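Both of the next two complexes hold chain A, though its partner changes from chain B to chain C.
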Partner chain A sequence: MTLQECYIQLGGNYDDVIRRLRSERLVTKFVLKFLDDGSCTLLLNSMEEKNYDEAFRAAHTIKGVCQNLSFTRLYEISGKLNEALRNGPTPEVPALVEDVKEEYQKTIDAIRAFKESGGL
Partner chain B sequence: MREITASVPRFLRRSLVLVLAVSAAIFLALASFMNRQSASTIRNVSQMYMSDLGEQIAFHFETAITLRLDQLNALAQTISSADIHHDLEEQKELIINARAREFTHLAFLLEDGSLDMLYGRQMQVTDPKAFIASLSGHEPKVAVGTDAAGNDLILLGVPAGHTPTEEYPCLALVAALPVSYISETLSLNENAGHIYSFIIRKDGTFVIRSAEDSRSSYFERVRALYNKAADSKDLDLYIGALSAAMESQTNYSTEIVVEGDPRQMFCTKLSHSEWFLLTFMPYTELDQMVNGFTSRWTAAVFSACILILAVLLVIFAKYLQMTKRQMLELDQARKAADQANKAKSEFLSNMSHDIRTPMNAIVGMTAIAVTNIDNKEQVQNCLRKITMSSKHLLGLINDVLDMSKIESGKMTLNMDQASLREIMDSIVNIVQPQVKAKRQQFNISIHDISTENVCCDSVRLNQVLINLLGNAVKFTPEGGTIEVALYEEDSPKGEDYVQIHIKVKDNGIGMSEEYQKKIFDSFSREDTARVQKTEGTGLGMAITKYIVDAMGGSIAVRSKAGEGTEFHVTLDLLRAVIQEADMVLPEWSMLVVDDDRQLCESAIASLKAIGVEPDWALDAESAMKMVEERHNRHDDYHIILLDWKLPGIDGIAAAREIRRRWGDDIPILLISAYDWSEIENEAREAGVTGFIAKPLFKSTLFYGLRQFVDTGGGVEDDQIGISRAGLEGLRVLLAEDNDLNWEIANELLTEELGLQLEWAENGQICLAKFDGSPEGYYDAILMDIRMPVMTGYDATKAIRGLNREDAATVPIIAMTADAFSEDIKKCLDCGMNAHVSKPIDVREVARLLAKFIRK
Partner chain C sequence: MNRSILADMLWDEYDIIEAEDGEKAVEVLKKYESDIDLLLLDIVMPHMDGFEVLEVMNQNHWIDEVPVIMISAETASTHVERAYGLGCTDFISRPFDALVVHRRVTNTILLYGKQKKLVGLLADQIYEKEQQNAMMIEILSNIVEFRNGESGMHVRHVRILTELLLDHLTEKTDRYNLSRNDIVLISNASALHDIGKISIPSEILNKPGRLTPEEFETMKAHTVIGGQMMDDLPDYQKEPLVQVAREICRWHHERYDGRGYPDGLKGNFIPISAQIVALADVYDALTSVRVYKPPYSHEKAIQMIMNGECGVFNPDLLDCLADIASTIPEQLRKSAGEGRIELRSVAEELHRHEELSASERTLQLLEHERMKFSFFAAMSQEIQFEYTVNPPMASLNAWGADRTDLKETIMDPKTCPEVRKIISQEAMDGLTAALRNTTPAQPIVRYECILNIKGEPRWSRIIARATWSSEEPPKYTGAIGKATDIHESRMQLEMLEREATHDPLTGLLNHAAARKQIQLRMDEHTSGHFALAILDLDYFKSANDTYGHMFGDQVLKYLASKLRENIRGEDMAARVGGDEFLIFLEYQGEAAPVIQRIFNSLTSGSYENFPISISMGVCLTDCVGKNYETVFHAADQALYAVKRSGRGNFRLYNQNMQDKLSVSAISPIDAAEAAEEDQVEKGD
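Now for the complex of A and B:
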C-alpha cells in the first residue's frame, strides 16, 4: 500500500498534502504520528463528562490536524461537530460525535494498514 | 381595519352629541333652579320686610294716637268737677285748649252714649258699644264716627277725670280728628312707594281706605276683584284665615294675587282700637327687576355654556382630524407590511422552487450513480453534476443567510487593507470559467489607478463584484460581451480618500424601466419567461446594494431591455498607508503591445512609476518593426509584453516570429485576462517565457517582472525562496497545543523559511515564555486560538497588557482552523495583527511575517 492509496482509503487529498509539505517522507512521518494523536480520546472523554467546552476544543484540534494533513473527510465531519459545539451543544451533537468516532476509526484503520504493509 | 376606521369617528361624533346634550341639560337645570331659588328668596325677603314695615306703621300709629290721647287726657285733667257743664268759663278754656291742639270736635260722652258737643257739629260714634265699654272701664279708646255734615272722623276718648253724677252722667271726654290726619300721619296713601295700606275692622269694613275705593268693606272689595278670575274657594280660605287672625289679634302674613299681580299682605292689630292695619306690597316690579337680573344671569350662563361647548367642539374636531390621520398612517403601514409579507411569501415559494431544482438533480443523480455504481464514467458524470447542483444550492442558501443577516442588522464590515489588484485578480479568476463556458467576450480596463491599496472589506467588495459579474454573465447570451472598468478619481471626502469607480457592462437582455426601480428590493426578480429560466434568489442585488450602502458608496443602474445593462459602483475608500517605494525595477526598456490604447497608456504610466522606460505599440506588425530597429542598434528591449489577442497577427504568432528572428534572449510575457492553461502549451512552444494577468496594476507589473531582475531571463517559480531571504533566522514563538500540528508547523516553517521556532504548549506557557524573554528576543508569535488552560485570545490580551517595550509591537498572528469573519474580527479585536487559517500555508505565513516584522 502506497501513501497515495492510504490517502484514498481515508478520504484525504494526497496531491494537496504533497503540494504543501513537499515530500512524501515528511507526510508519511506525520501520518504515522497521527496514530498517537490523543484528540479523539479527549473528545470522547469530554463528551462523557459533558464538558462541552473541552469537547469543542478537541473537535477543533482534530479539525486543525486534519486540515494540516489534508484528511478531507475527517476534517469535514469534525468541522461539523466543531460548529455544533461552538455555542453550547446542539441536538445533533451525539450523532456527529458518533460520525467522528467512526470516521476517525476508518482513518486509523487506513493508516495502520499502510503502516503494516510496510509503506515505511 | 376599515370598520375601525369608520367606527372611531362615529364613536367620537356620538360622544360629542352626548356631551353637548348633557352640558345643555345641566345648564338648563341650573338656570331653572336658580330662578326658583331667587323667586323664593324674594318672597322671604319681602315677607320679612313687610312684617317689619307693618309693625313699624302700627307702632307709628300707636305713637301718634297715644300722643293725641295724652293731650286729650291732659285736657280732661283740667276739668275740676262734674259741674263743668255749668261752668262756662272752664268750658271756654277747654275749647281754646282743644282747638289749639287741632281737634276738630270736642264733646262729653254721656253714659247713655250721646255726645254733648262742646264745639263742632253734632257727631255720632259708628260703633258706640265697644267705645263706651272701653271708656266705662277707664280705658282710653279710639274709634270712628261721623258728624252731621257726613265727614268721617277719628274719635279719641279718654275717661273723664271725675266721677259721673246723676245730674250730668259724663263718662269721657271725646275729641275728633279728621280721618285724613291718620292717613297723613301714617302716609297710608302715599303712592310714591309701591306699598299701600288699609285700616279695617274685624268685620272687614274700612276705617281708612284708599281714596279711589268706593266699597265700605275690604272683604267685599276683595270678592269683587276676585270674582273676575280666581276661584272662590281660595278666596274664602283667605278671608277666613284673615278673619281668624284678626279674631285672635295675631299678626298675619300671606301672599295674594290681585288683578294678576302677586302681592304680599301683612295684617297687624292697631292699639287703642278695634282696628287692623293691612299693608300690601306688589311683587310685580320687584319681580321684574329680579327677572331682569335672572335673565341676564341666565344669558351669561348660556353664553358660558356655549363658549365651553364651542371649545369642546374645536377640540373634538382636532382630535377627530388627528385620529383620522393616524388611521390613515396605520392603514398605510399595514399595506406596506402586507406587501412585504407578500413579497416574502412569494420569495419563499420561489426559493422552494429554486431549492427543489438542484435538490432534485442531486437526488436523481445519486440514484443514477447508485444503479450504475460499477460504471466509473457514469458515476463520475453523476458526481460532477451533484457537485454543481450542491454548489448552486450552497450559493442560494448563502444568499438567504446573508439577507437574513442584513435584515437583522447583524452584517458588519471588516475593514482592512486590501489591494484592488488582488480583488480584481480573484474576481477575474472566479468569473473566467463562466465566461468561457458561455463563450462571451470579457474585457477588463483599468486606468488612472493612483492608489492600489485601500481600506475596505475585501470579502464583501468581492461579493459585490461577483454578484454584478455573475448577473452580467447570467443575463448575457452566448457570444455576448462583458466589460469591467475600474478607475479612480479624487474623492470629495478629502486627500486621504480616493474615489473608486467600478463599471460592469454587458450587452445582454437588459431590464424594463419598471424593474430597474425595484431591482435593489429584496426578493425581487423580473417576471419574464426569460428570467424565470434563470436560477437565483433575487437577493443578490439587494445584498449588493446593502453592502455598497454600508461602505458609504452608491450604486446606479442603466439598462434597456434587449440592449444590455450597466452597473456603476462608486466608493470613497481610505487610502491604505503602505510603502510603495520599494516597488522599483531597474531602468529597463520595455515594449508593451496591446490593441487597446487606454490599456497601453495606463500600463505605460504604471511602468514608468516603477522605474521602467516603456515603449508601446498597438499591433504586432509595428511592434515587430520596433524590435528590429532596437536589435539593429544593439539595444534590445529587456522585456516584451504582448497581448494575446491582437488584430492581425496574434500574440502567440508574434512571439514565435520574434523568437525565430531574434532568438531566445528577450523574455516575452503574454498579457491575458483569461485563464491561460489552455493556451499555455502552445504559447510555451512558441517561445513565450511567461504570463502576466490582466488587469495590469502597478503591483501586477512589479511582481510579474521582478523575477527577471537577477537572472534577466528564465522563469523561476521559487517564490518561497524570495520570501525566505528576509525571514531566515527570525525567532518565532509558536503557541500550539497539538503535538502533530506543532511538528508539521515546525517542519514547514523551519525547513522552508529558516525560522527558529520555539514551542509553547498553551497560551499560559506562551505568555510565560514571552514574559521571561529579554525584550526583542522573539520577532513574532504564531498563536493557535483553541488551547487548554489559556486560549489564544486571552494570551494575546495578556501579552499586549505586559509592561515591556515589545509587548505592543511584537507581531502576533493567529493560526486557527476557524476562518469565519467573526473569528478573524475577534482575533484582531484581541490585539492580534493578522489571521491565517489552517492548513498552514507557508507562503501566507511568510508574507504576513515579512509584512509585520518589517514594520
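Now for the complex of A and C:
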C-alpha cells in the first residue's frame, strides 16, 4: 500500500498535503504519528464527563491536525462538531460525535493497513 | 501534533522551544524574555488561550521585544482584529504551507532584528554623544583647575550648588522668571565660570601670599577674558548656553552692592545666573583648601557668607542658601560619584579636545607604568640600565644610580671616568663584545664581573638584552639590562671550590687540583719548558715522634709558607700528601740554577730547632714530554734516587740518566727497598 492509496482509503487529499508539506517523508512521519494522537480519546472522555470546553478543544485539535494532514473527510466532520461545540453543545452534538468516532476509526484503520503493508 | 508539524518545518534553521499550552508559553517567555526571536502562537489552547497569552505579553511589555505570529484556522475577522490589536505581527492560517510558514517566520525575524539593531545604534550614538559632551566640559574645566592647583571637584561642586540654589529659588518665587530649561542651562554653563583663568600666568594664579595690586588687576581680568572667549565663538552666538556662559564668566565677581568687578554692576543688573554662580563659587572656595588658606567647615562657611564677610549677595539668594544649607554637604558628597553633564552646544566647538583627553589618558597610563616600574626596580635591588649606541648614552634606574653614585643619565658611558671606576675596561669590553655577538633572535646575555660598588669590589651578574634595529641587516642599537649583586653567593661558591681544591692544613692546592691545573697549563703551552719537582721532608717522622703531631703540622705549614715564598706567581705549589709536596714551574734557558735556588732557600733554615732538610726529585718536560702522569712518575723516581743516595739533596731526572745513574737502572729490588724505607720513615 502506498501513501497515496492510504490517502484514498481514508478520504484525504494526497496531492494537497504533498504540495504544502513538500516531502513524502514528512507526511508519512505525521500520518503514522496520528496513530498515537490522543485527541479522539480526549474528545470521547470529555463528552462522557460533559466537559464541553475540553471536548471543544479536542474537536478543534482533531480538525486542525486533519486540516494540516489533508484528511479531508475527518476534517470536515470534526469541523462540524467543533462548530457545534463552540458556544456550548447543540442538540446535534451526540450524533456528530458518533460520526467523528466512526470516521476516526476508518482513518486509523487505513493508516494501520498502510503501516502493516510496509509502505514506510 | 500540529506543533510537531510546525517544528519539523523550522527545526533545521531555528532553535525551537515547544510549549504545550498558553500557561507553558508564558513560563517560557518569563524565562527567556527577549532571547526569544519569534513566538508562533495558537489561539485555541487549554488553560490559557492565545489571546490571554497576548495580554500577558502586553502587561509585561514582552510584546515590544518578541514578535508574535498567530496560527489558527480561526480566520473570523473579529479574531484577526483582536489579535492585531494585542500586538500580533502576522497570521499563519491552517492548513500549514511549509513555504509560507518558513517565509513569514524568516521575514518577521529579520524585520525585528533590523529594528533592534537600529534602536541599538541610535542608543549607542546618543550615549556616545552624551559621553563626549560630558567629557568635553570635564576636560575644559579640569584644564583650568589643574593650572589653578585646585581639586577636580570645584567645577562639579559649583554646578551642584548652582542647581540646588536655582531649584529652591524657583520654588520660592517666580520673580526671576526661570524655566526648567534655564536651570539646566545655567547649571551647565556654571562649569565654565573660571575659564578665563586659562590666560592668567600661573605664578599669579598659584601665588601663596597676598597678591600685589598689579597682580590682583591681572587676576581680575579672568572675568573679562572668559566673557571674551564666549564672544569669540562666532558660530554659536545664538546658542543660549553660550550666552548664559558669557554672563557667568564676565559677571561672577560682581557684587550686589555694585562694588564688584569688572563692570561694577549693581543689584539685579547682574544677571541672576552670575549672582548664583558667584554665591556657589564663594561657598566652595571657603570649604576647600587654597594655596593661601585651609578649608573652613560647612557651618563656618555658611556663617561667614551670612555675615557678609565674603561679599554682598542678593537677599533672595541668601534666604535660599539658608533654607538649603543643611542639605548641601550631603548633596555634594553624593555628587562625587556622578559626572554626567549634558552640554550639547559647546561640545561640538570643543570637539578637538577629544585628542587631549586621549593623550592625557595615555600620559596617565604612562605615568602609572613609570611609577610601577620604579617601585619594582627599587624593590628588586637591581641596577637597571638602558644603553643606546647613538647617541652614546646610558640611563640607570634611581636605585641603581644611588647604588653606583652615578647620575641617572650618563653621556658617553664608555669613556666616562665615573663609570670606569665602577667597571673595569676588561669587563666593559667583555660585556660589549658579548652583546654585539648576540642576534635579534637570541639577544640575551649573561655576564659576570666585578663592579666596584661604593669602593668595594663586588661580584655582579649582568643580564642584558641587546636591542637590534628592525632594518635588514639588523643593527646593534644598544641594550637594556640589570646587574644583580651576587657577591655573597659567588664568595660562597669560591669558598666551596677552594675547599675542594685546596689542602686545609697548608692552604696549598691539593694533589687532584694541582694535577688538573698542571695538565691544563701544559696543554695550553705546548712549546713551554716546565719543571715538576716532588719534595719530601726528611726526618719528618722523628719530628712527629719527638714533638708530637701538632708540631708536625706546624712544620708542614712552615714548609708550605717557604714554598709559597720561593715560587713566582705563575708557578704552582701543592701538597701531594703527608710530608710530600710538589712544585711546578715554567723556566727559560737552564732549569738547574732555578731549581738550585729554590732548593737552597727551602733548606736554608730550621723550624723551632728542627732543621729543615728535604729530598727533591725533579723532572723536566723537555726530557719526558707533557703527560702529567709520566712527568710525575719520573720526578718521583728521581726523588727515590735522592733518598737512596742519602737525602738532603735534589736531582733532575735526565741528569741522572746522563750521569749514568739512570733512574731506570735502579733495580726493582732497590726501588722496593727505597719505598719500604720511605714507608717506615713516614710511618704515622
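By definition in this document, the second predicted complex is superposed on the first by the 120 of 120 C-alpha atoms of A that agree within 3 Å, B and C clash if a C-alpha of one lies under 4 Å from a C-alpha of the other, contacts with A are read in each partner's own complex, and residues count from 1 in each chain.
Methods note: contacts are C-beta pairs under 8 Å (C-beta built on N, C-alpha and C of every residue); 3 or more make two chains touch, one makes a residue touch a chain.
Quick caveat, the model's predicted, so the values are computed rather than measured.
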Chain C versus chain B on the shared chain A, clash or fit after superposition: clash
Which of chain B and chain C A:R57 touches, first, second, both or neither: both
Partner chain in contact with A:N68 - chain B first, chain C second, else both or neither: both
Partner chain in contact with A:R20 - chain B first, chain C second, else both or neither: both
Where chain B runs into chain C (options 243-251, 531-539 or 783-791): 783-791
Chain C-contacting residues of chain A that also contact chain B: 20-22, 26, 30, 33-34, 37, 39, 54, 56-57, 60-61, 63-65, 67-70
Interface residues, chain B side, partner chain A - complex: 737-741, 743-745, 747-748, 752, 784, 786-788, 816-818, 837-842
Chain B-touching residues of chain A, taken from the complex the two chains share: 20-22, 26, 30, 33-34, 36-37, 39, 54, 56-57, 60-61, 63-65, 67-70, 79, 82
Complex contacts: residues of chain A adjacent to chain C: 16, 19-22, 26, 29-30, 33-34, 37, 39, 54, 56-57, 60-61, 63-65, 67-70
Chain A contact footprint on chain C (complex, rising order): 1-2, 4-5, 8-9, 44-46, 73, 94-99
